[in-house]
Amino acid sequence: MKATAEVAAPARVARRPRAAARRRGVRTTAFRWLVLAVLVLLWEVATRVAGSAFFPTPGTIVTRMQAMWFSGPPQRLFLSDVAVQNILPSLGRMAVGFAGGALAGVVLGLAVGLSARVYDYLDGVLQFLRAVPPPALVTVFLVVFGFGLRMQLAFIMFSIVWPVLLNTADGARAVEPLHLQTCQVFRLSRAERLWLVVLPSALPKMFAGLRLALSLSLIVMVFSELLPGTTNGIGFQLTEAYSMFDLPAMWAAIVLLGVLGYLLNEVFLVVERRVLGWHRAAQEPVG
Amino acid sequence: MLEIDNLSHVYGAGTPNEHRAIEGLNLSVAEGELLCIVGPSGCGKSTLLRSIAGLISPTGGQVKVEGNLVRQTPDNLAVVFQDYSRSLFPWMSVADNVALPLRRRGMDKKARREAAMEALESVGLSGAERKYPFQLSGGMQQRVAIARALAYRPTLMLMDEPFGSVDAQTREDLEDLVLKVRGHHQMTIVLITHDIDESVYVGDRVVVLSKAPAHVVGDLKVDLPEPRDQITTREHPDFVHLRAEVGRLVRGHAAVV
Amino acid sequence: MSVTATALAPGRPARATVRWSRRAVGALAFAALIELVSRTGLADREFLPPATEIVARMGTLALDPAFRAHALTSLLAWAVGLGLAAVAAVPLGLLLGSVPVVDAATRSVVEFLRPIPSVALIPLVALVIGTGLQLRISLVVYASLWPILYNTMYGLRGVDPLAKESLRSYGFGPLSVLLRVSLPSSAPFITTGVRLAAGIALILTVSTEIVAGRGEGMGVFIYFAGIAVPARMTDILAGVCWVGLFGVAVNALLVAFERRAFRWHHARLGEQT
Amino acid sequence: ACSSGGGTTASAPPAAASGGLEKTKIKVATLPAIDSAALYVAIDQGLFEKEGLEVTPQVVQAAPEAIPMMLNGEIDAMFGNYVSMFQAQDKGTLKLRILAEGSRAAPDSLSIMVLPTSPIKTPKDLEGKTINVNVLHNFQELALTQVLKANNVDPASIKYVQVTFQNIMPSWKGGQIDAAYLGEPMVTAATSTMGARKILDPASGPAAEFPISGYVSTQEWYDKNPHVAAAFQRAIHNAAKLMENNREVVSKVLPTFTQIDAATAATVTFPYFSSSDNPVRLQRVADWMLEARWLTKAIEVKTLMSPTTSG
Amino acid sequence: MLEIDNLSHVYGAGTPNEHRAIEGLNLSVAEGELLCIVGPSGCGKSTLLRSIAGLISPTGGQVKVEGNLVRQTPDNLAVVFQDYSRSLFPWMSVADNVALPLRRRGMDKKARREAAMEALESVGLSGAERKYPFQLSGGMQQRVAIARALAYRPTLMLMDEPFGSVDAQTREDLEDLVLKVRGHHQMTIVLITHDIDESVYVGDRVVVLSKAPAHVVGDLKVDLPEPRDQITTREHPDFVHLRAEVGRLVRGHAAVV
């Protein structure tokens, strides 16, 4: 029948580009793994040749990681006690710190980006705080926040808030003027403007800041675990390993951080792709 | 409804790019009137519109809407911008774009959606509501912007070359749509156009602006039989006469010499 | 005054004097807060001295040639590090942002390297390249590379595709489009990345000095003030404040640069010049 | 100057010439702490010069930091604590050579202290309490463990937290640590300004005269520069001898490389500075470390030490 | 010069928003010809133009320019985009915008500048060269885009509703300008317009497209006496006849029903 033929035709056309896209995806993934494999191989060769105690081979490192963290029972996803006692608290600290810092960054960034008045009042102080080296302020943090978790969280938030803040402010300030005029014409409330227009158009830049903040939070998490009073965490294990010259363990922590950073970033990109779908599509050159 | 009194606007005063866009412009529009503005390219029509909408504060003179001095955007006003593609929100679907201003109308989600669909249908875009602006052709985007303004049911509607990017047939349909809506909802409309025929066909009055700095050089009452009709009205001798008249006035002030 | 103020709260732009006095009010309020917290004993005064004392100490430090030498060394490391980072990151960002294959191929490596904290790298870098100024500089480069790189990549994504097509339609190749459209169009956002990096570089310079510092540098000054018995908190905070003030100055300079270089950007967004 | 031995500098005394030094200029990493004093005294008193050596100290913050410098040849030798050094040796990070012993804990130079208001009165009260250390698994812990055992306190019940020097006071006053593990000059300062009470001396009983730090180089460097090593050892030992009965020489140099002012320098308790090397007492450290499982295998300290060449 | 063979384009194939814009479109344009394309809003005219310019790769069929399959943008081609305001570079002055493509011509700075000034003058914009695009009115921006294309002296020029935002007089002047330039420099021009009169006035041929998916439903040769003239040509009986013919074809395929 004619109708079915007409329906069938576009469907056939449709499948082709989709399959092509999937093939492309598979190819880049394969490529990525290939690059990674080659680099690891080079690393193995280089460390073997160098034979320096400071640079153990990847094989040694992985063995150590396995023994230290992933030798637990299967029902606990193979996580060992050491892993449960150190990796999980670290991730918890990082997650809370990241969430808090990101939220503060977005809120402050919007305030600074949107209101000339707030900008004027806060600009100096914020720029000042941004340049202040947190390690020099440990004592002040200690006095204000006390030992342990609260101080660690404050430390993480204080360190990662800046990229989010600056990029959000920049995004909020660079909203297409005609969009704002449209809002003004239709008398949208402040909240509506903020939520429906300013936020979405600042989102792409905000995400650049968030992505920076994410891996920064991993770094600062490690820093925070060097602070007085820490008794567990990846950072704690890292320094402990270093002070005992247990270089394979130190490298294990470094590699674990790298892997965590990589995984977190992948998750982040998935979220970004969902939230910024419109942006990607609109930016893609047609066709 | 709208009173413009000795309006002037200078862009970038004191800079090397200083430009006097409007000078000593007087104009008043009655309630329910449909005023068409024509004038040479770059004379200051859009600037005038922005002043009425309270988007810029003119450097001289004043604008009053319903007796109130315009300091910020007056209530119940809608604008169809000349740069329609930039005035749509790329992160919203077409339907959401149209429904957005209706939030101020205190309508619930369903009512907003229905009103948006209705407006989209009236501009010939039913079926496109789920698309995003970048997936539409230029003319379709322009119609979305028109639908957004129409759905809002403003008492004063400002339209800056609203039908510039659509084909002849659609253009006529949209002209009739504007006329119909105006009649139904007692809107006052200010419409900028470069199409002289159009200005005479839809307008109750046609105002011709001079080249920059803009001021009024012609103000013609259009007394054509109502309801207007694309065929008979355009054949009416008064139409032919008025159109020639407007044409002469515009030509006297064209941009390219 | 900023754009969006016009849009969200229409009004006349504030004059420069007003803006500067607002800034002063903000700074004074902050100082007053510290003064209060310290004087009321909310925080132990021994560890958080009042702002007035810190400021007074800042004054005497400024006259101290030894401190000035420390500051100069730090600034040198900072400037070289930031400069190298910018020189490396912008082209890299352009490459990764415009050639998806390269991005895909390197992403796992880049994302793996990024979260490695520089403290962990100090001994390794020290072993490979030594512990002098080059150690500080390489760590600064390593940390401040990312904001510029990412802002470049995200900036490229925000370029209007029609602007790119315009140039393409005149037969310009991808490289020209990149340099003539994508780069200028995303330049304001890249500069924001540089501003971010400038702050991070400053923090890293001083922090590295604190952790591994010897010789000269603000961080070394701060470190030695910290290991005194009792710790010289006023010295530490005065040093920190000088670092902070320097950060403010750098930021102000960069913002002024942005305003000049990207007049088109700010003007279009509605800023009055 | 000349790179090869022979002590060609004009001021080089005959002793150097006869020593046939492999090099005359060396760099040594030191810590900004009293323990490093012997090196500075040796410089100050011209003891190195007498050996034909020109020694440049390089202050670092902690021993682990100096190891990479030593490995890549930026420095010739370093002053470091034995616990770190033995761990590095054990892990193969470093092939160690002890050039000269440095400092040993003297009575009252280390102290476990509490605030005047603290309920802790006896060593037994420390059980289950939190105590700070500069670095985890270091000599502080090692010595205290022995002393606690001798005092019938279960060492495993102590919670150690790592607190940097600068933050000991705020954490202590803020109640985040129950007792403070202090070294000089903080012991003196805490006693005089805060009225802090001493609960235990970690350098007493089994840990009396506990060796803390020494001067080390790599085995490789030692093999290449045996004469320099011997000359260096002589100078350090001679300095220690000088310091034994003469506080003045120490107090004089302290303010030049630590943050200790002249007034404090006059009153603090010094550690013992070793004027000869003694493998027996040093072996104790290695044995305790093995006991604490900080080492994977036993270290025979004697094989790492140089013959004593000083008088 | 230009051969379009069984061209098809589907947007978003496989997604819910799949849209068949062009299907089985055949068209050829001779060297030096000025072809006008009219068709209902959203039918696929801009899509066709993008395919010719090599900016999208069509999902079916092929486009040949001077005998070569279009895979990327052909040499010596210029496009005036429908969305002119977004096609100008906001960080460049008007003169720089116009001069930019001339770099491809290997001209030195001075020559570029002169060519740009000349082109700007021809579109009535001398005096605006130092301004930035956002400081111009809509119609002025459109003229900058036209000037940029003209200054480039392409052999094939694609214009997407290039005169939509200018006043009647300027529009006529620009029409004549295009005719003149075409004669001087042997350009082939494809011009999309919604103005039926315009299509007949400037075109050697007028092609009418159907509504989406677009294909050719009318192809009329315009045989009016040369040189054309705004007054006499428009009064010519053939003109009146052709215009009615095109009008009928377009109306049969309008977007709003």
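Per-chain residue numbering starts at 1, and chain names A, B, C, D and E are given in the order in which the chains are listed.
In this section, a contact is a pair of C-beta atoms (placed from the backbone, for glycine too) under 8 Å apart; a residue touches a chain by one contact, two chains touch by 3 or more.
Computed from a predicted model, the values in this text were never measured in an experiment.
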* **chain D to chain E, fewest steps along touching chains** => 2
* Asked: Minimal path length between chain A and chain D through chains that touch?
  -> 1
* Asked: Given a C-alpha superposition of chain B onto chain E, how large is the rotation in degrees, taken in steps of 5?
  -> 180
* **Rounded Å distance between chain C and chain E, as computed from the means of their C-alpha atoms** => 48
* Would you mind pulling out the distance in Å between where the CA atoms of chain B average out and where those of chain D do? => 86
* To do: Report, in whole Å, the distance between the mean C-alpha point of chain C and the mean C-alpha point of chain D.
  => 40
* Structure fact -> Where chain D touches two or more other chains simultaneously, the residues are 64, 67-68, 71, 164, 166, 170, 174
* Would you give the residues of chain C that are in contact with at least 2 other chains, written as numbers and ranges? => 10, 44, 47, 123-124, 127, 165, 211, 226, 231, 265, 268
* Which chain E residues touch at least two other chains? -> 11, 50, 55, 83, 86
* Okay, in this complex, where on chain C does chain E touch? -> 160, 162-163, 165-172, 180-181, 184-185, 187, 262, 264-265, 267-268
* **In the complex, chain A residues that touch chain B** => 176, 178-179, 181-182, 184-189, 192, 196-197, 200-201, 203, 278-279, 281-282
* **chain A contact footprint on chain D (complex, rising order)** => 64, 67-68, 71, 84, 87-88, 90-94, 132, 135-138, 159, 161-164, 166-167, 170-171, 174, 176, 294
* Along chain C, where are the residues that touch chain A in the complex? -> 1-5, 7-10, 13-14, 18-19, 22-27, 29-30, 37, 43-44, 47-48, 100-101, 104-109, 111-120, 123-124, 127, 146-147, 150-151, 153-155, 157-159, 161, 164-165, 188-189, 192, 195-196, 199-200, 202-204, 206-207, 210-211, 219, 222, 226, 231, 233, 236-237, 239-241, 243-248, 250-252, 265, 268-270
* In their complex, what parts of chain C are in touch with chain D? -> 44, 46-47, 122-124, 126-128, 130-131, 211-214, 223-231
